[in-house]
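Across the two complexes that follow, chain A remains constant while its partner is chain B and subsequently chain C.
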Partner chain A sequence: MTGVREKRDPLARKKLRHVPPELRSRAMHALSARAAQGRFVLQACTECGTATYPPRDACPLCWGELNWQDQPNGGKILSETSIRVSTDLYFRDHMPWRMGKVLLDAGPVALVHLHAALRSNDRAVVRMMTDRGGNAALFAIPAGENDLMSDPQWREFVVPIEGRIALVSDARNAIGRAMVKELQARGAELVVAGLPGPSLASDTTDAVLTLDRVQTIPLDVTDATSVAQAASRIGGPLDIILNTARHVRTGGVSANPHFAEQRRAFEVSAMGFSRLASTFAPMLAGRPNGAFADILSSAALSGDAGQAGFAAAEAARHSLLQAFRHEMRGAGVRVMALFTGPLEDTDHQHIPPPKVAPSRVASAAADALLNGREQTCVGDVAIDAMERWLTDPALFAREKNL
Partner chain B sequence: MSRTQAAYSGVAVCAPITVPYQRFSAESAHWWAGRALRQLRQTIGLRAADIDGFCFSSFSSGLDTAVGVTQHLGLTPRWLDHIPTGGASGVMALRRAARAVQCGDADLVVCLAADTNHIDSFRQSLSGFSRFSRDAVYPYGFGGPNATFALITDSYMREYGVTREDFGKLCVAQRANAGSNPLALQRKPLTLDAYMAARPIADPVHLFDCVMPCAGVEAFVVTTPEQAERLGLKMAKILATIERHNAFPEDPVQLRGGWAMDSDVLWQTAGIAPSDVDTLQIYDDYPVIVAMQIEDLGFCPKGQVAQFIRATDFTIGGDLPLNTNGGQLSAGQAGAAGGFQNVTEGLRQILHQPLGDQVPNASIAAVSGFGLVNYDRGVCTGAALLEALS
Partner chain C sequence: MSNARSLIADIAAAIAAQDIKIVDLTNILSPDFPVIVLPSEFGQCEPFRMETVSRYDANGPAWYWNNISMNEHSGTHFDAPAHWITGKDAPNGTVDAIPSQDFFAPAVVIDISAQAAADEDFIVTRSFLAAWEQANGPIPPRHWILLRSDWSKRVGALSYLNLRDDGAHSPGPDADAMRFLVHDRDCVGLGVETVGTDAGQASHFDEPFPAHSILHGNGRYGLQCLTGLDRLPTFGAMIVAMPLKIKGGSGSPLRVAAMIARA
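Right after this comes the complex of A and B.
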């Protein structure tokens, strides 16, 4: 990093980042868990079929049992307002705030965040987002193609890339390299590409690493000193971290264990996650749209007898990620998970298709940021794994370890 | 379908109490409740032993319901009720206490609503108001009731052709009424121009459409005519009452309230018509709700409230004196006591014990309540017709 930025006053009063009111009912948390997956769901009665909102604990028509069902996400705007006065610290920072009431095609009426272009009687598409506190939030946008990013209220629910500064933790592996290229192409002001040692002669001539608005930096997530030095060298604003570091190896527990590989997998996936997260958390927390996006193997969900050490390290990483998400909620930093299966890369030379191109993972990660989606699965293997895990985790764990 | 409502025989409503409101108070709801009882002792000589029924309403009594307040204030009632319906609590307390007295479950019931207003207590009570509000309303801009009623007002204005000027006329009239009430927090005359020029709060709701939260207490006594007589009190009888909760849940927007389900029964039971009413005391958290009650209580046909407002003088000397103490919009909104103000003020006018100017020859008051925005609308409604007993 060049030292062109003027030195900052470390004691200057910083702008506090607030989040919207956070308390919710248990039923609302169940909606948030599904919103985090990008699903548009509402409760519907298992007996009379009526969809209901806000979340309840019994059907208001027949008192039957409710469950969560995917629903059509269209609706008609019934009324609108611009809130100009609020006692809440978060919303006071964003006045006026447009909200409205929508009659959902699914049946119920809902209060929604309202896109600037929408008026009463307009048709709208309602997106199930998560707000800065991580809770499900309905946002009505005009039907059809839109420049959503020009609406400042929309930007509160997503992570813009254009004009932002991002760090890719390991740009030497295939996902990381693709990620650098993707973020640069999507208009990031600067992509800092972390390179674990040893450095290669080709680093200085690599077509991606030498792109305009890309800078390399030595970074080894297994080494706390390296992580601290990287943070110190970046120094200034940092909006987005893409944690692409991983150590993919086969091997079991008692059969063919490779303890050196297992230990390395934990150092990269689990301890590496913690080193990165703890070091960079304060930098992300100071930003208006801070985000930490983590690339995980879907093996984290269930364990995997064929690559036991890697799967265990990824499971530990998933567990740490959820704790980190909890810690960052109060600062409004989005902590996102991208699950993927085997990739078209040197790590998976021995695996038959289907495999996912690294560029596709990178593109999905960028889309996840731009849509503020907390959890994404890329590729058939990861999508299938998540579906099976959500449906019957005990069966899925058994099948993956038969 | 419903059976005929039994007449409220042997019931007297009397002794309206208003302890002067304060914008902010460091005292508790219990303190305010105590002030009202003290005023009852000072004005009519009531002692704890005389009170065998107690009906309490409050948002800010903390851990205590009517139970805790009973012991706190040294009451030993044989009939106790706690009413959680805010703006509808006055009418509801009235009808419950009346039946208790009529049936002999109690001889003298004090109905009392007290709320304090600490600095920042408005924000704090908002965030914990109801489950639906916490889940699905306040995270959308945290505009509080202003935003909820902005959405209702927006729909209502478009649906029925009501203008801001129409709402302004209601607010200006209520402010004029507040002018003679020494206890009203806002008495400075309001012009329609000032109303129209006020800053927007949550469009189309502007500053003078909003009530001012404050601390205060309202109370009244329900007892037998014989007991009222012994105490030397002027009294009124209850002609009829109605109550409804969660009316018209299928309406996507609240353009009508529960009164629309029940007001025919109200007039039929009372044997009078809206034109017989001398003064109208209705819940006025926002002028749109005043307009809605005027329609739904039958003072004009649904959808014609704009013309009705334009043709009617709502001041104390006018053809339909409305919220003659200034209403919550001018006198202040003391939480649940705001839902009692309509009863106490209606009572005062027909007993000819006004705080300010007297409605000439008033003998019949219509009182209406509206309470508790749980999600996107007020859930509780009630109304009562009171007539002075001479």
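Right after this comes the complex of A and C.
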């Protein structure tokens, strides 16, 4: 890879990255799990109706039972302060740090991270973010259109694309191709497009692969040697990986099983994920805003009798992703999941609409990065699947495999 | 048979003295060695894969070894008669059952490198073979027919599989040429440098896949992805090609070597 390497003193000790303090109550973890889905939820009392923050085990007013409810995310800044000294290793690297108190429209007063432009008495939009350690945190930003990325504090909660180097693991399929185009359009310094073999003469003339700031490399996630060679060819900084590799085939378990295809689905979705993640983890861990975003089928949640092998491989991939997220949390690398239903591509010709355009998945992935969202569902099928799975997973699995 | 016994001793001495040269005709079996690509409605050929179990590390402090996986038809490989539907009932048609006498046979090398360089879809026809025999002499019976196309020099380049929008483009024989080689010249099999014994566009022939169909239907063998055929004489090379003894196997990657007289 050429031309875009940042310069660094080769003798300087590598900068160690830290993450914010991680210990949280169980109630707070429940909030983090919801924040990861991009929801603005707070606990509200089932007895007196009062919303409460931070998360608790019982209503602080009446000891009533609490449940999670989506809440309005506006608020008014009550006070502001800049923290200049801290003993915490993470915050020491980011001083000064602005915080403030906000009277949430939902009721409670909350301690929040504060955007640089906000002052006392300002109206604000409060975003439920996850911090670099994966825990929920409230971040107040000015209402209306904003250039959020210019605020260094905001950048700690998200994954900027502009000026960064990204790898798309499989740019041969429709999502991968769309992803390369999207990241390039969003200003990535370099998009490395992985191409599994066999190479085609048309690769050298393809409209997307020949874009400025796009480079292709051979990359086959089913081959450990190929993944290692790709890593050595990229060599220098790598900020973002978008894992678009998948092997979509129909077929059941006892009915019309095709074991070669089933095995390949696992080799690509599950083993491919592991090969990619293990090889590139150290490169991502060294970066200030490293991220690994994985495109998953919503069939991972429930199984799918029509494409049993693919769904099982995607479920395995989802499981591996959870473990990888745990491993990368300490390094502050965000591991993101994007669920999608059937795509408008050659893999899903037999499936009637609704289907999702690959470009829409790509644009949703870019938005997920730019908003630091751990989990995103793209398209009606995936959104519906996630809702039903969260509500009643046993019923959902039954309905999907009737 | 004491004559044969002394012959073996003579061969051993000649090999040791390098009067007989052993030429390796095998490509390196690696994960990135291309495998044949079929139309997408068919199951595909899994390429060679290798994962390290241990390499003098915590998983095996004193030893290095790998798990490998592949399709039977990856790398330099052998096609048994059972590989093709025409050979499904051929006696001893799978690699475990092939008579071991057949693993040692002489070869005739037919040089089509100039024609293949000029025309990537060059077809070896019956009349081409007749003209070749006019120039070089008749093809003797029970020989491997080795097509030297110099295609092996393209390994590592796009032009090896040579895939385009309308499929692969590489040289190979037509049906009449195959019938001539099998029935009139009683060949042991056909060996090629390309990824298949058939031409890249052979699925579109009037008689599709003639090499596979006619060779295997008559109990003959195929050798693919050979290299180094340019080092062999037209006549006089002895081929050693022994596929793995896979139970019921349709073919196997293998090491192919030729014995040739020192020039």
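Worth a mention:
Here is the rule we use: the second predicted complex is superposed on the first by the 391 of 402 C-alpha atoms of A that agree within 3 Å, B and C clash if a C-alpha of one lies under 4 Å from a C-alpha of the other, contacts with A are read in each partner's own complex, and residues count from 1 in each chain.
The rule we apply is simple: a contact is a pair of C-beta atoms (placed from the backbone, for glycine too) under 8 Å apart; a residue touches a chain by one contact, two chains touch by 3 or more.
The model shown is predicted, which means the values in this text are computed figures rather than measured ones.
Applying the stated contact rule after C-alpha superposition, one finds that A:F91 touches chain B and leaves chain C untouched.
Touch criterion not met for A:P393: it reaches neither chain B nor chain C.
Once chain A of one complex is fitted onto chain A of the other, the partner contacts of A:A260 are limited to chain C, with no touch recorded for chain B. Of the two partner chains placed by superposition, only chain B is touched by A:R24; chain C is not.
When the two structures are aligned on the shared chain, A:A224 is found in touch with chain C, with no touch to chain B. Set against each other, chain B and chain C touch different numbers of residues in chain A, with B touching more. When the shared chain is aligned, chain C comes close enough to touch A:S202, but chain B does not. When the shared chain is aligned, chain B comes close enough to touch A:P54, but chain C does not.
Of the two partner chains placed by superposition, A:P353 touches none, neither chain B nor chain C. Shared interface residues of chain A, touching chain B in one complex and chain C in the other, do not exist.
Residues 197-202, 218, 220, 222-226, 258, 260-261, 264 of chain A are the ones that touch chain C when the two sit in their complex. Here chain A touches chain B in the complex through residues 20-21, 23-25, 27-28, 53-55, 60, 78-88, 90-91, 97-101, 103, 109-113, 120, 131, 133, 135, 137, going by the rule given at the top. Per the touch definition, chain C reaches chain A in the complex via residues 30-32, 34, 37, 43-44, 46-47, 49-52, 158, 161, 163-165. Taken together, the chain B residues at the contact with chain A in this complex read 122-123, 126-128, 131-132, 134-144, 146-147, 150-152, 154-155, 158, 199-205, 249, 252-253, 375-376.
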